[in-house]
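Two complexes are shown next, each including chain A; its partner changes from chain B in the first to chain C in the second.
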Partner chain A sequence: MTAQAPAPVKDRQETTRRPPVPSWLRRLAAANEAWTFGVLALLVAFFTAARPSTFLTRYDITQIATNAAIYLVLGVGMTYVIIVAGIDLSVGSVLVLSAVLSAEYTIHHGGAKSGWGTIAVSTLIALATGLLWGALQGWLVAKARVPPLIVTLGGFGAALGAAQIITGGQDPAGAVSGKLQRSIGFGKLFGQIPWLVVIAFGATLVFGLVLAFTRFGRYTYAIGSNPEAARRVGINVDAHLVKVYALVGLLSGLGSVMWLAYFGTTSIAGHSTDNLKVITAVVLGGASLFGGRGSVLGTVIGVFIPAVLSTGLIIMGVQQYWQDVAIGVVLVAAVYLDQFRRRGRDHG
Partner chain B sequence: MAQPLLEARGLTKRFGHVRALQDADFTAYPGEVVALIGDNGAGKSSLVKTLSGTIRPDGGQILVDGSPVDLSSPLDARRYGIETVYQDLALAPDLDAAANLHLGRELYRGGLLGRLGVLDHAAMRRSAVTAFAELGVDLQDVGAPVATLSGGQRQSVAVARAVAFANRIIFMDEPTAALGVVQRGRVLDTVRRVRDRGICVVLISHNMPEVLSVADRVEVLRLGRRVARFTAADTTVEELVGAMTGALDAEAAEAEARAEAARSAPAGPGPGADAPRKDGAQ
Partner chain C sequence: MRPTNPTGRSTAFAGFCAVLALTAATTAGCGGDSGGSGSKSLDLITGVKSDPFYITMTCAAQQEAKKRGVKLTVNGSAQWDVAVQRPIIDSVAATHPGGLLISPVDTAALTPSLQQIQNAGTKVVLVDTEVSDASIGVSRISSDNEAGGRTAAKSLAQLMGDKGSAIVISVKPGVSTTDARIKGFNEEMKANHPGITLLPVLYDNDLPATAASQIQSTLAAHPDLGGVFAGNTNTAQGISTGLQAAGKQGKVKVAAFDAEPDEITALTNGTLDVLVAQDPGAIGRQGVDQALAAIDKKKVTAHIGTDMVAITKANMDQPDIKKFFYQAAC
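What follows is the complex of A and B.
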């Protein structure tokens, strides 16, 4: 029954039509990460050439990584949401609400002098707050069929409002245990790598691997790519969406713990543009807002482009506000290039 | 008469005021290609969706191997070895051919990793290569996203997915509608090859010459009801069109004849009709 199979055709085409480019190289050139990584490498090369003695010293690298750590954690969650063709505008507000609720517990259980017991409970409160808030938003998206832009825009306002009601709009004193700040906030693993960076790296690695190698990741791509097809092969699309939004919430909760440890305050007013920064990073990393495409590796690169740019511009003595202009231009250019290549691909 | 593999008896389905299926029957036997034809709105899609578990009928019975079954989801249908190639193919364009082939039926690594849900990409790729080779599908890179494939190749991926997992019946909804001449020929070759493996193929098509070239039997739907059955070798395009448009209603005539016979003498099972091909109403 396989007698008609045109088996030799494949070999002939491989040898005559195609120049000897290995398939891994072709796939690499087609990967979004490769292009974005090129942009990052160019930036680093440019600043290094311009200020060889001051740019990318060890201090710089540590500083860049520390500043990027919290955005990286949020970005990992946002990568999942964008791959399922959703969006989460609420990340910054959920971070604030998680921080405020965990701070309230700390204040009433020893404040700045509280011990490890209080730290553990307040951390759990922060994580649970994020998880539940995210799951609720996921339920609204999946079951109530409200568009994610609207659900999370509502969540963005509501979470921040709730945080302000609880605190009366002021960042409370004694919100963080001094022990947490000294260990996680300013401490370093082996005296070298800040704990903040270690945590961010750990979360990134775990969820990067989950996205790339497990069923959960595969279903995330499938649902973003064609939800109807996913449903027809028996994937529980609604439940998966709830899990994905709960994951972003959980990571926002983790981000709030990292924020409290590092800055020692809830900074209620300081997170209104987190969502835009994080979405920018994820899109720079090659994720498609139409769903189905993106990767945690891309997001890592996408987070570091603004971080390198701002450090570089400061060292160059350029006014820092140019950073926002540059990021805007790079973002639009990246998406334009993506569309351009996609059109070529889909017709090819 | 040979035991039908899949049988629908008196299926009805309403969508609001539209009666998509009115007392519709359908029969499929093992190892045959049966074409399901009918004009637009005759109820072909509704019938296929009902038999593949996508929609639930309001009334009637579905039998697999002679026993009644309840197909309340595509997963139920799959459990009975029934797969469907949808007209829109239902592929995830950003995933590669191997991933699409195994979507919802992933293979896992052994041991602890597998229990954590870690996929075995290499095994899925190997099994995809085998599946495509068995169908004679020429796919250079099973690792390329489906979006980069041609229409014919995408069709092949969808067909290969159904073939790889079906062990009884494959429904193909207009599989050649969007294809060029060469690709159309390939899909029809595939249909024959699948049939030769002993799997029943139900082909939904508009194209009469195509139907006559590949099908063993033809069942005709009109206004949500089966109106005629033919043996492909003994019929013509004119006859099929006649049945589709209502110039010929063999089933009604047959039912009348049966009723007539029942009135005069109780009818036993027809012992002479041992093969499905003899079942056609001429």
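What follows is the complex of A and C.
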């Protein structure tokens, strides 16, 4: 179809009084992520125009991406949980617990000077901790029928408490191998792309594709839309829920390894609002808290909107209190735009 | 008088002893004499049990209590939370101690509990933090935070060569101690270092990740950035990570408050450049002395401000600086 072709007659919305819209544009506008992406693009364009010599030049996209990398990894897991109509408030604490356990191993096996062997084992410990904690929470949600809000709120406190018991509440010294920090934390692939960004986008790509194109992904949407229907068509809903919560735990474990590599410490007290940040990003990306809707691409956009906004406002020299106001307004406006589009589509 | 006192504390202590000597006919109070207060019991409730600042304060208070021959029971909240600290206060109140040293975690919410314990006859001494109600406590002992902020500004300006931009990244607005530090820092910079451009304060809500991205954005907007004053340890960690990722570590000087073990490590590694150490040990010792003075009906100093010292890589090995390092355990 060309740009000049008239709209199909059977489409009531497209009367002849309206200018014809190219079909590729209409398809794009109907895509779930298009509008939030539009908001992101608008923000980037605005800051680039306002500070052309600074935004996306001196402060480049890799810096924004590096700072967003860990939240992105957590966000991917959270997308799955929210699509099955669940919630995970424990991500930040699970990250801390994984970081602390892996740090304890590092401390007793070479500390800051330890080699790749220690790094490998401590990484495995972090991933396993996250996976097991997540699976336990999943089991409580699916089999014990405790609401996910309660399970993960309990998990939020318990994981942080466990981490404080192990460390006495202080970030231990020598928690990370210097090799890990230099290579992964501050190293770059081909001298260009920070490894943290490579890892985050690798995880995003894999789990984005799994969600969009595999049976595992379809089950996730089906359970979120209607768990009873999913059960009746023969999906093992309980087992799937355990897997979804285990996945978000695993990704929290991965996040902890990235955190240790980048910040070089466990930051026990620095993760109390990770859950809100991540849930906000997922919802901003178009996911429904009632389940059945959402996408990893949307979450990527949802992670980047606040990141771009806060860096852009600092670069423009906006006072901190106004930054918080602006971020709040944009968050609500972006979700409102998305709802507005959905209403239009559902009624039309 | 104890041997090898740090300069700041010894003057404060000497003043206190002089006051005692003037007003009290007895010899009790100074020089480790335990006379007159042997049967008194004291309690200490800190803000956060696991914080090296409070650990150092507790250790010093325990030493002083032992020296004066009184029993000191130590308690502390697991978190900086009114709901956690209040039950501790109430359980201590039930034992009717002679004196209570407390670091209240809220300026208003704990007032009724403290009022009650005070009315029951316990002498309350506020250490480190305060409550707004002036009728609470016979004595208030804390670091002079504004002076600390000025100390930080002086050291940082010196390292920056008195030029470039400087910024404060703090935890959150509305905290009396950090607000006073920022006030002192800004005043000193404006008054005595006109070559330095002061940027507006940023707040990271105690999240290192936020501090990292804030410092990178600031660097982009102000390439002449030469110094940062970090509100606390978490913030300092985020800042140094952000600087390292931007390849600016060492070029931008970072000042932080306190001298916790991991901050000392950071100073050695060059991720931090200035530490402004408080003197929690002096606060603890003075707390015990003031409480005992109140119990013995001797002259009590209502407000005591302890000194702070700037630690840099250059002076960190000197013994009179080293004793300001906080302890992780007694």
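Everything that follows uses one rule, which is that the second predicted complex is superposed on the first by the 298 of 348 C-alpha atoms of A that agree within 3 Å, B and C clash if a C-alpha of one lies under 4 Å from a C-alpha of the other, contacts with A are read in each partner's own complex, and residues count from 1 in each chain.
We adopt the following convention: a residue touches a chain if its C-beta (ideal position, glycine included) is under 8 Å from a C-beta of that chain, and two chains touch if they have at least 3 such contacts.
All of these numbers come straight from a predicted model, not from anything done at the bench.
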In the superposed arrangement, which partner chain does A:Arg51 touch: chain B (first), chain C (second), both, or neither?
second
Quick check on the superposed pair: does A:Gln63 touch chain B, chain C, both, or neither? Answer first, second, both or neither.
second
With the two structures laid over each other on chain A, which partner does A:Phe263 touch: chain B (first), chain C (second), both, or neither?
second
Return first, second, both or neither, reflecting whether A:Thr214 touches chain B, chain C, both chains, or no partner chain.
first
Contacts for A:Arg293 in the overlay, against chain B (first) and chain C (second): which applies, first, second, both or neither?
first
If we overlay the two complexes on their shared chain A, which of chain B and chain C does A:Gln339 touch? Say first, second, both or neither.
neither
Touching residues (chain side chain A, partner chain B) in the complex:
1-2, 4-7, 9-10, 13-14, 23, 27, 213-216, 218, 221-222, 224-226, 228-230, 232-235, 291-293, 345-346, 348
Residues of chain B touching chain A in the complex:
54, 73-75, 78, 86, 88-95, 99, 103-106, 108, 116-119, 121, 133-136, 138, 140-141, 143, 147-148, 189, 193, 196-197
Give the list of chain C residues in touch with chain A in this complex.
48-52, 78, 199-203, 205-210, 212-214, 216-221, 223, 234, 237-238, 241-242, 244-246, 260-262, 265, 328
In the complex formed with chain C, which residues of chain A make contact?
51, 54-55, 58-59, 63-64, 66-67, 70-71, 164, 168-171, 173, 186, 194, 262-265, 267, 269-273, 307, 310-312, 314-317, 319-320
